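Chain lettering (A, B, C, D, E and F) follows the sequence in which the chains are written, and residue indices restart at 1 in each chain.
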Amino acid sequence: MKFGIQINEGPYTHEASDTAYHFIKAALDNGHEIFRIFFYHDGVHNGTRLTAPPQDDRNIVNRWTELAEKHDLDLVVCVAAAQRRGIADADEAKRNGKDTDNIAPGFRISGLGQLIEAGIQSDRLLVFGD
Amino acid sequence: MSVTKKLMYINRRAPYGTIYAWESLEVVLIGAAFEQDVSMAFIDDGIYQLLKGQDTNDIGMKNFSPTYSALGDFEVTQIFVEKESLEARGLALDDLMHLTYEDEDEDYAEKDSIKVVSSSELADIMEQQDVLYNF
Amino acid sequence: MATLHTVNKSPTDRNTLEACLRLAKGGSSVLMIEDGVYGALKGTQKSGIVEDAMKDIKFYVLGGDLKARGIEENKLIDGVNVVDYAGFVNLATENDRVQSWL
Amino acid sequence: MATLHTVNKSPTDRNTLEACLRLAKGGSSVLMIEDGVYGALKGTQKSGIVEDAMKDIKFYVLGGDLKARGIEENKLIDGVNVVDYAGFVNLATENDRVQSWL
Amino acid sequence: MSVTKKLMYINRRAPYGTIYAWESLEVVLIGAAFEQDVSMAFIDDGIYQLLKGQDTNDIGMKNFSPTYSALGDFEVTQIFVEKESLEARGLALDDLMHLTYEDEDEDYAEKDSIKVVSSSELADIMEQQDVLYNF
Amino acid sequence: MKFGIQINEGPYTHEASDTAYHFIKAALDNGHEIFRIFFYHDGVHNGTRLTAPPQDDRNIVNRWTELAEKHDLDLVVCVAAAQRRGIADADEAKRNGKDTDNIAPGFRISGLGQLIEAGIQSDRLLVFGD
């Protein structure tokens, strides 16, 4: 079965991102497919490469990057939500006149249509948020 | 994309205190381009999104409430408001913005978009959906 | 010795206003801000908890947050006072401490 | 045609579980996750709303979230089923749609 | 700094679902260095922070509950738990971690840090504070 | 009178940051002093220079920078909260092996002791959060 996943909250602040991660791993382990993971609202903060969590804690951003690489997952950060919150890739940084970007490897920035599409194309949409 | 699905956007948050109401409305506007069978549900404090006369001047935030009136033009014409949530807040349909659309099947007659439904009716409608978006 | 309590959550969404009123002593002031202003509406499921507390506690509501949400002053529980941001600052100075109920 | 409802808020903090149970049809399943797992505790002010709904609705709770919070299974309302993440995935596949009450 | 103030840290959030509980505990640990008259209050779902037997292995998060037991060593010895909040959750003092400190005024006798107080007693204690930290 | 201010939530996501801003402006207009503004939890996201909000909306980060400049305000971002959430100045970026930083002008990164001190040194501490 094909799952679409929406994540609404930032890493560490809220458990939503953790629960989504464990759900997705369990789904993949059981032979299911993940159509797309869409990061919306504060969820866009999952996609910054500037986090430096304490050594004795999980590294949520790296965990997404590694899972995406291993399973060829599509990690999409909403562009409108990202602009408001300061998440940018090289193109976005340039377009908005910023001197640097901060997106983490494995994530791409795109529009809200990608969320609608995830709902339509997946067998089930699950939302993890506050 | 050839599939047509029944999509419902569920709104349970008050506006302005947090951005969820506004950012979920942005999803609905973008979603209109996909020509699916869409509807919106307003439950609990989500109903406050539809109150008349919002004026954000003093708090310096963007007043996004006029956007709800544009939903009809985006062919979002099915807006369900839960009766029990209205009543718990001492509100009536008349306290909400008057949202309408032009029905192209009936010579573009103006019709009301908002339907007040009971919890039990709304539960039935939710059960008919293919996808439930939550924010 | 008195305390200004601020409440920024809707009482039909969370238990914050209840917690505040359980722990605010007589003579305290309660200021409703942000989504907390819905607590000042009359005729809701929760209006009674404010009406009951009014004997001992003064209630205020931030006018800018009311207007933003489309709430006219005639919809407020009688006796709730509307203040602006300068009024918020005054309440903070007039009381001895501020308890921000989050 | 049945729906899996997920609830991730504590019922003593927010109204989320109440909203879910008001709008979940008979035959639905409710899975409590994250801070929602406190809704599975027996003997609380809110246990009754789950106990009353059990005639028509199946209740599940995520075991990892229970253990994290120090809740032993003997503290749960009778009839609530503990599942792991794989069980969560199964519930999502067995039902026709998922309503995530946020 | 020569001022001594009465500081109270107020905890109303459950652990793990959000990070507030853990990050507020970090404030308390740092605050211990300032040699003020500090206390903590646990109200509503904040009480769940103190439940015994927390084990976060299955959710992969850091279990910070052992830190509460260290509070006594940081001279945080006044921990107030609201009785009404305990009762609303069907909990008793025995369900909470046993937090203690060594009383240096009484030959380092081990004493309980947690005091269960009624809403009305806690209201009085809050009214005696100079600063109330909320998270 | 001297106010200490704690802000717990990010810009746009939550009104906390707006309310704090309007409170602080009113306090300054009425002759009061702001001892410090301490950004904690998701509040650290107020201090990124990478936001690009829509033209017809307020620019919350710039608003802080300008207010700080005008009134010589002390805007402190908590280092521990910032590390978890990906806010870094040049020193922090270097220490954590990051290739860039994202802090906005007028903000500085420091420890939680600054919050405790704000409580002790101010006549009133106000907390704006979720």
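As a working rule, a residue touches a chain if its C-beta (ideal position, glycine included) is under 8 Å from a C-beta of that chain, and two chains touch if they have at least 3 such contacts.
These numbers come from a predicted model, not from an experiment.
Enquirer: What are the chains that subunit A and subunit C both touch?
Expert: Of all the chains present, those in contact with both subunit A and subunit C are B, D, E, F.
Enquirer: Compute the shortest path length in steps from subunit C to subunit D over the network of touching chains.
Expert: Minimum number of steps from subunit C to subunit D: 1.
Enquirer: By number of C-beta pairs in contact, which chain pair leads?
Expert: The chain pair with the largest number of C-beta contacts is A-F.
Enquirer: Would you identify the chain whose Cα-based centre sits farthest away from the centre of subunit B?
Expert: E
Enquirer: Counting only C-alpha atoms to place each centre, which chain is farthest from subunit A?
Expert: C
Enquirer: I'd like to verify one number: the distance from the centre of subunit B to the centre of subunit D, where each centre is the average of its C-alpha atoms, in whole angstrom.
Expert: Chain centroid spacing, subunit B to subunit D, equals 27 Å.
Enquirer: Between subunit B and subunit E, what is the separation of their C-alpha centroids in Å?
Expert: Using C-alpha averages as centres, the distance is 43 Å.
Enquirer: Can you work out the whole-Å distance between the CA centroids of subunit B and subunit F?
Expert: From the centre of subunit B to the centre of subunit F is 35 Å.
Enquirer: Which residues of subunit B are in contact with two or more other chains?
Expert: Residues 16-19, 44, 59, 61, 131-132, 134-135 of subunit B each touch two or more of the other chains.
Enquirer: Considering subunit A alone, which of its residues make contact with at least two other chains?
Expert: Counting only residues that touch two or more other chains, subunit A contributes 8, 12-13, 15, 19, 22, 41, 54, 80, 84, 125, 127, 129-130.
Enquirer: Could you list the positions in subunit C whose residues touch two or more of the other chains?
Expert: 8, 12-13, 15, 34-35, 64-65, 84, 97-98, 100, 102 - these are the residues of subunit C that touch more than one other chain.
Enquirer: Which chains touch which?
Expert: A-B, A-D, A-E, A-F, B-C, B-D, B-F, C-D, C-E, C-F, D-E, E-F
Enquirer: Which part of subunit E faces subunit A closely enough to touch in the complex?
Expert: Listed in rising order, the residues of subunit E that touch subunit A are 16-19, 59-62.
Enquirer: Mind listing the subunit A positions that touch subunit F in their complex?
Expert: 10-13, 41-42, 45, 48-54, 61, 80, 83-88, 92-93, 96, 98, 100-102
Enquirer: Can you list the residues on subunit B that touch subunit D in the complex?
Expert: Subunit B residues touching subunit D: 10, 12, 43-44, 82, 84, 119, 122-124, 126-127, 129-132, 134-135.
Enquirer: Residues of subunit C touching subunit F in their complex?
Expert: These residues of subunit C touch subunit F: 6, 8, 33-35, 62, 64-65, 84-86, 88-90, 92-93, 97-98, 100, 102.
Enquirer: With touch defined as at the start, can you tell me which subunit A residues reach subunit E in the complex?
Expert: Residue list for subunit A touching subunit E: 12-15, 18-19, 22, 54, 56-58, 130.
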